[in-house]
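After this come two complexes, each holding chain A, first together with chain B and then together with chain C.
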Partner chain A sequence: MTVLGYLANGLVFSSIIVLGSIGLSLVYSIADFANFAHGDTMTIGAYTSLVTFGAIGGLGGAVLGLPYGFFVALVAGIAVAALVAVGTEKLIYEPLDIDSIGLLITSIGIAFIYRAVIQIRFGSESTDFDIQALRPIDALLPYGIRVTLHDVAIVVSAVILVVGLHVLLQYTDLGRKMRAMADNPDLARVSGIRTKRIKLWTWVIGAGLAGAGGVFLGLFNQLAPRMGFNLLLVIFAAVILGGIGSVYGAMAGGFLIGMINQLTPFFSNVVEALPIWPGWLARVAEGLVSIEYANAIAFVIMVLVLLVRPNGIAGEGAT
Partner chain B sequence: MSLLANPKETISDLSRPEKWVLGVSVAFMVFLFGALVTGALGPAYFLFLVGLAGMYALLSFGLNAQWGFTGLINFSVAAFFGIGAYGSALMTADSSPIAGGLNPIIGLVVALVVALVLALLIGIPTLRLRADYLAIASLGLAEVVRLIVLNERWLTNGSAGLRGIPGFFKGWPVLSSFPETMPGLRLVIIPGSPILLETSFWRASLNVLLVFAFAGGTYLVLRRAHRSPWGRVLRTIRSDEDLARALGKNTYSFKMQSFILGSLIMALAGVFYTHLNLYVGPGDLDPITTFYAWVAVILGGSGSNRGALFGGIVIVTIREGTRFLNEVPVIDPAPLRLLLIGVVIVAVMRYRPQGVLPPQRELIWPNAIDDRGAPERPESGVREQKGGGDDE
Partner chain C sequence: MSRDSTDLANRRTLLKLTGGAGVAALSGCLSTTDDGGDGSDGSDGSDGSDGSDGSDGSDSSDGSDGSDGGDSGPYEIGMVNSLTGSLSAFGQRNKRGVDLALQQVNEVGIGGRELNIAVEDSESENQGGIAAAQKLVNQDGVPFLIGAVGSGVSLAIYESVVQDTDVVQLSQNSTGLNLTNFPGLLRMSPSGRSQSLALSNIIAEDGYDSVAVTYVNNDYGQSLTDAFVNAWDGDIAYNNPHDQDQASYSGVISEMNSSGADAWLFITYQAEFSTMVNEVFSSGYEAQFYGADSVQGANVIENTPEGSMDGMKIVVPSAPVEEENYQSFRDTFESEYGQEPTSWAAYAYDCVINAALAIQAADEFTGAALQDTVRRVSGPEGETVTSFEAASEILADGGGPDDVDYQGVSGPIDFNDAGDPVGFLQVLEVQDHAYEGIDFVEG
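Right after this comes the complex of A and B.
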């Protein structure tokens, strides 16, 4: 594969990571804790759309290789993920009287409950959407790019959702209130913003985007009960890289982490080609920059960012 | 609760949750003993469970030294546990790709040294971070360790894991051949269902002895450390790090010491697990181990070593108790276990965030309390008492 091919793959994977990281970052800044259940919220979205799609079928025509029914299922996945998150906030998080660390630990319990319920219902094996896998687009093959129409659909849908969020945050009343609350919750409250209601909307948007990300992840790879939890740390890496609490930072971080993740094979080719001396160092470098360590590289970047620039690459107050 | 109806002095001194825990433990013990006598539970398997409970207690002690004492959110428990297990397995196992066949004592030492190095590697970058960042970073680094163990086949045998691990007492004078030399006993308590005590039973009892030694020693060290001036600094850091710094304490250094202490204890749990299970694989580094230890600590009560012990036993009950559901085809035990763990976490945080046995008298030197034990609970609130009398 060429560099362009890896970049194209990176773009697709980045779209999924971006959808996940925006929600995590929003919840982090407005509900004020690291939500470890975010990955499993993605799983909920994915399995909801699997069930919905299985129930309603294709509904006739198709866009970008995906039947209409899939898009209905996508909306269902987003809606159910948002509903579950709001229900959890109302039932569990809101009545709790503990600090953000306690909320973090609670969210781990929530994550286990989500995953356990899905695993009880669907088993631990991975499944696929009942959609015919497509051949890569012929026109792009000469450039070494192997993407299918489905991949294009993922990127286009993610862009639509991200632009929609941008409009919401910048040009609507709700968006202004959310930004105010992320900035200073007490000040927002005394200014007459109903912070509880804004928090619920944050959960709706964050979990909805996560649900969409989960559906696309299922389309991109497969569906498995662990899919979300396995991706959670990569998403955390993206959020931290972009700066916690900054939505645009999370977009940038998600994009970068997704790219780095998919470009790892390319990097490993580069490392092999580089004249590293002495020989053992070259072997170590080749061993560590390989596809098995794609996630590990993201985690190491995350720790480095935390050490060097705890506010992320975007800096502070970029929301 | 007829036991509590005739109050002995010691029991009446206990606080309410302590009585509950005592009652439940006694009932549980009676239940286990019944299962043992009727032959529903094999004696060797029972001792295996006791060993496992001891191991989880050890793991919880380690986490308690970090989170309970100092408030460090360490989500890399599984990494230290795994490093301890792999360190000793690589030294002692027949199938080890590097050394192998060495004395388990050497394995123990190597495991602890490697865990010390790893604790420094993880601790130096992460301990300066804010609490929630520490959680994420340590979980990430634990995953890095897991991926290395999984992928570096020349070092760890990769996903195949390590087999052919000897018992811990291999090469010791009497104990190495103790299981084989002990006669097979046949106890008939209930006619028709005899209990056989064979080599596996004696081997398991040696393991239980070992974990009691590990856990007992650790418990004593931790109890001493927790009450010492050193432990007081840690507790100050936990409640207010800025205050500790204002008092002239180098909090980073104290956090590092507590992190290393806890990590070594976790590695010790790993060493024991190696010789208990006789197989080590990359699956043992799964993050779920970390969260098992966390559940044990927050359920027992953060900062309480007794609580950690209690939590460890509960975890084994959840982990192994669900195995008996294998016969029931309705529900798969693996997700059920996950569900139970999740529900326990949420329920504890919701209803009793301080845990079942929060540290109270544990933190006070025994001779600082007068002979009557616990101070009396005032009938009315403290504020009312203070408001009532000006010159007391």
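Right after this comes the complex of A and C.
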């Protein structure tokens, strides 16, 4: 496989990570705690769209290898993920009068509850969308790129959502208020911003994006009750790499972590080709830069970046 | 004012006392579940749980009385199963086998008493398995533990909970090779070494001289792969582990593809393997697949595109399907669950039957006594019997553990010194996106 092929794989995987990490960072910046239930919010989105898609079917036509019904199911997944997150905020996080560490630990419990509910309904075995799997796009094969139309759909949808969020943050009233609140919640409140309402909107956007990420993860791979939680560690790495609390940082971090994860085979080819001296060092390097350590390598790069930029790529508070 | 506060203090004291009594009563209940206890005292113990009226904490001592009695209550043994996590498919199969066996044992009874199995979930992980086993062994005090599914989990349980105690551990589904090094850890499913040998023979017979192997990064994957590498004479173009539960394995399969080998061997679990097959399909690679038993399952067929793994060959430990006792097991299983049993269900079934016979043959319901009988009731000495009922009759007529040779529905059992059974293997081929048995191999 060529470098281009690995980059293409990385782009697809990054799209999913980016959708997950934006929500996590957004909630951190405004609700002020690291939400461990975020991964399972993705799972909720995925299973909602599975049910919706099962109920409404393909609805006739298809675009990018995906039936129209899938996009309706995607919207349903986003909506339900957002709804569940808002409900959890209203019922649990808001009434709890505890600090951010308390909320963090509560959210771990919430994650278990989400997962258990899904497991009760769907069992713990993996399942998948009833969509015909595709072969790679022939036109791209000569370049060594092996992606399907579904992968293209994932990237395109993720780009649309990310651009939409950018427009919302930069050019709308809500976006300005959200940025103000992330910078300084007290000052925002004093200036007449209804911070509670903004907080709810943050949950809607963050969880909605997570829901979309979950649906795409289900399409990319398959659905299982642990799918979101298994990805959560990588998403946290992306958020911290980008600078926790920063949406644009989360985008950059998600993109980098996803890329590094998928580029590991390429790195190991490079290490093998490099004239490393002495011989034992080359062997050690070849042993370490290997596909089994893809996540570990991503984390090492994260640590290296943090050593140079302690606050992450985007630095402090630049929502 | 002062009166009020006294009242309050009194009420507090009362609350404390009732609370204490309640806790004591509850702890009484806990110990009753241990050895079953005799029926009437046992139910007193559960009365104790509503000891919140606090009037008689003495109920709790009634409860603990149950633990030293015990002639008519059920025998309780423990089981660690994979109800959730990546091996949950095995857990489901086990459950069906166990339920069926329990039903048949309790129809006959063990010397007039029933058998009860306390099941805990390992979540298919070492930590979960250890916690489950600790609960069963240390809290419930079971002398016989069936568990677990994953080889790593079985070993973790053995090393941190069972070793240095008298408790008998009998794994229902573990096929990892290194379990052979722990003679105290019994298992019902044959060692994976036979699988690795069979796979290397089959791949060689199919005319491949180069193979790419990827295995799940744990005891099971590592040991099967090591055995395969030892047995394989040809070239190994790729040999790397992968982690469980990853969202993508496209790196692994693209490396396998660039290794140039035409035969790809997967020693991993179903969820991981489905992901890989999907990615092989969507990347447009072509290769002849081979797999160890754990990559086979109905959910793999469901979650992979039609035709994506046709021609794949898988070696699975198999029940002796030509034997009469297996066929009757299959018929009962089918009428009960509406589907054919897997060999995994048969192993779990035999675990329960073997445990029940060991209990009946033993002088007392303790780990030490069961250690002695568990191998002998299914060992090669004695009269050959194929059902619990027949074996139970011999024991009831005064027969010792050596007078019975229980032949399981999964095979002759006959644990060797290392705690491994004799087993059979079946070769499956994927044809038209379904598994077809094409051959049998001796284990």
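Assorted remarks:
One rule holds for everything that comes next: the second predicted complex is superposed on the first by the 310 of 319 C-alpha atoms of A that agree within 3 Å, B and C clash if a C-alpha of one lies under 4 Å from a C-alpha of the other, contacts with A are read in each partner's own complex, and residues count from 1 in each chain.
Criterion: contacts are C-beta pairs under 8 Å (C-beta built on N, C-alpha and C of every residue); 3 or more make two chains touch, one makes a residue touch a chain.
Just so it is clear, the model here is predicted, and its values are computed rather than measured.
Superimposing the complexes on chain A yields a three-chain arrangement in which chain B and chain C clash. Contacts of A:M302 after superposition: chain B is touched, whereas chain C is not reached.
Applying the stated contact rule after C-alpha superposition, one finds that A:P310 touches chain B and leaves chain C untouched. Applying the stated contact rule after C-alpha superposition, one finds that A:Y248 touches neither chain B nor chain C. With both structures placed on the common chain, the touch criterion links A:T106 to chain B but leaves chain C unconnected. Look at A:F33: by the touch rule set out above, it reaches chain B but stays clear of chain C.
In the superposition on chain A, A:N221 makes contact with chain C only, not with chain B. In the superposed pair of complexes, A:F13 makes contact with chain C only, with no contact to chain B.
By the touch criterion stated above, A:T264 is placed in contact with chain C alone, chain B being left untouched. Within the superposed three-chain model, A:I240 lies in touch with chain B and out of touch with chain C [touch as defined at top]. Of the stretches 221-229, 275-283, 347-355 or 383-391 listed for chain B, only 275-283 runs into chain C once the two complexes are overlaid on chain A. Common to the chain B and chain C interfaces on chain A are residues 119, 123-124, 225, 290, 292, 295. Of all residues in chain A, those touching chain B in their complex are 33-34, 92, 95-98, 100-102, 104-106, 108-113, 115-117, 119-120, 123-124, 225, 233, 236-237, 240, 287, 290, 292-293, 295-296, 299-300, 302-303, 306-307, 310.
Within the complex, the chain A residues that touch chain C are 1, 5-6, 9, 13, 16, 119, 123-128, 132-136, 141, 146-148, 150-151, 217, 220-222, 224-227, 230-231, 234, 261-262, 264-265, 268, 290-292, 294-295. Across the complex, chain A is touched by residues 83-85, 88-89, 217, 240-243, 245-248, 250-252, 254-255, 257-258, 270-271, 274-275, 278, 281-284, 299, 302-305, 308 of chain C.
Here chain B touches chain A in the complex through residues 73, 125-126, 128-133, 135-137, 139-141, 143-144, 147-148, 150-152, 291, 294, 298, 331-332, 334-336, 338-339, 341-346, 349-350, 353, going by the rule given at the top.
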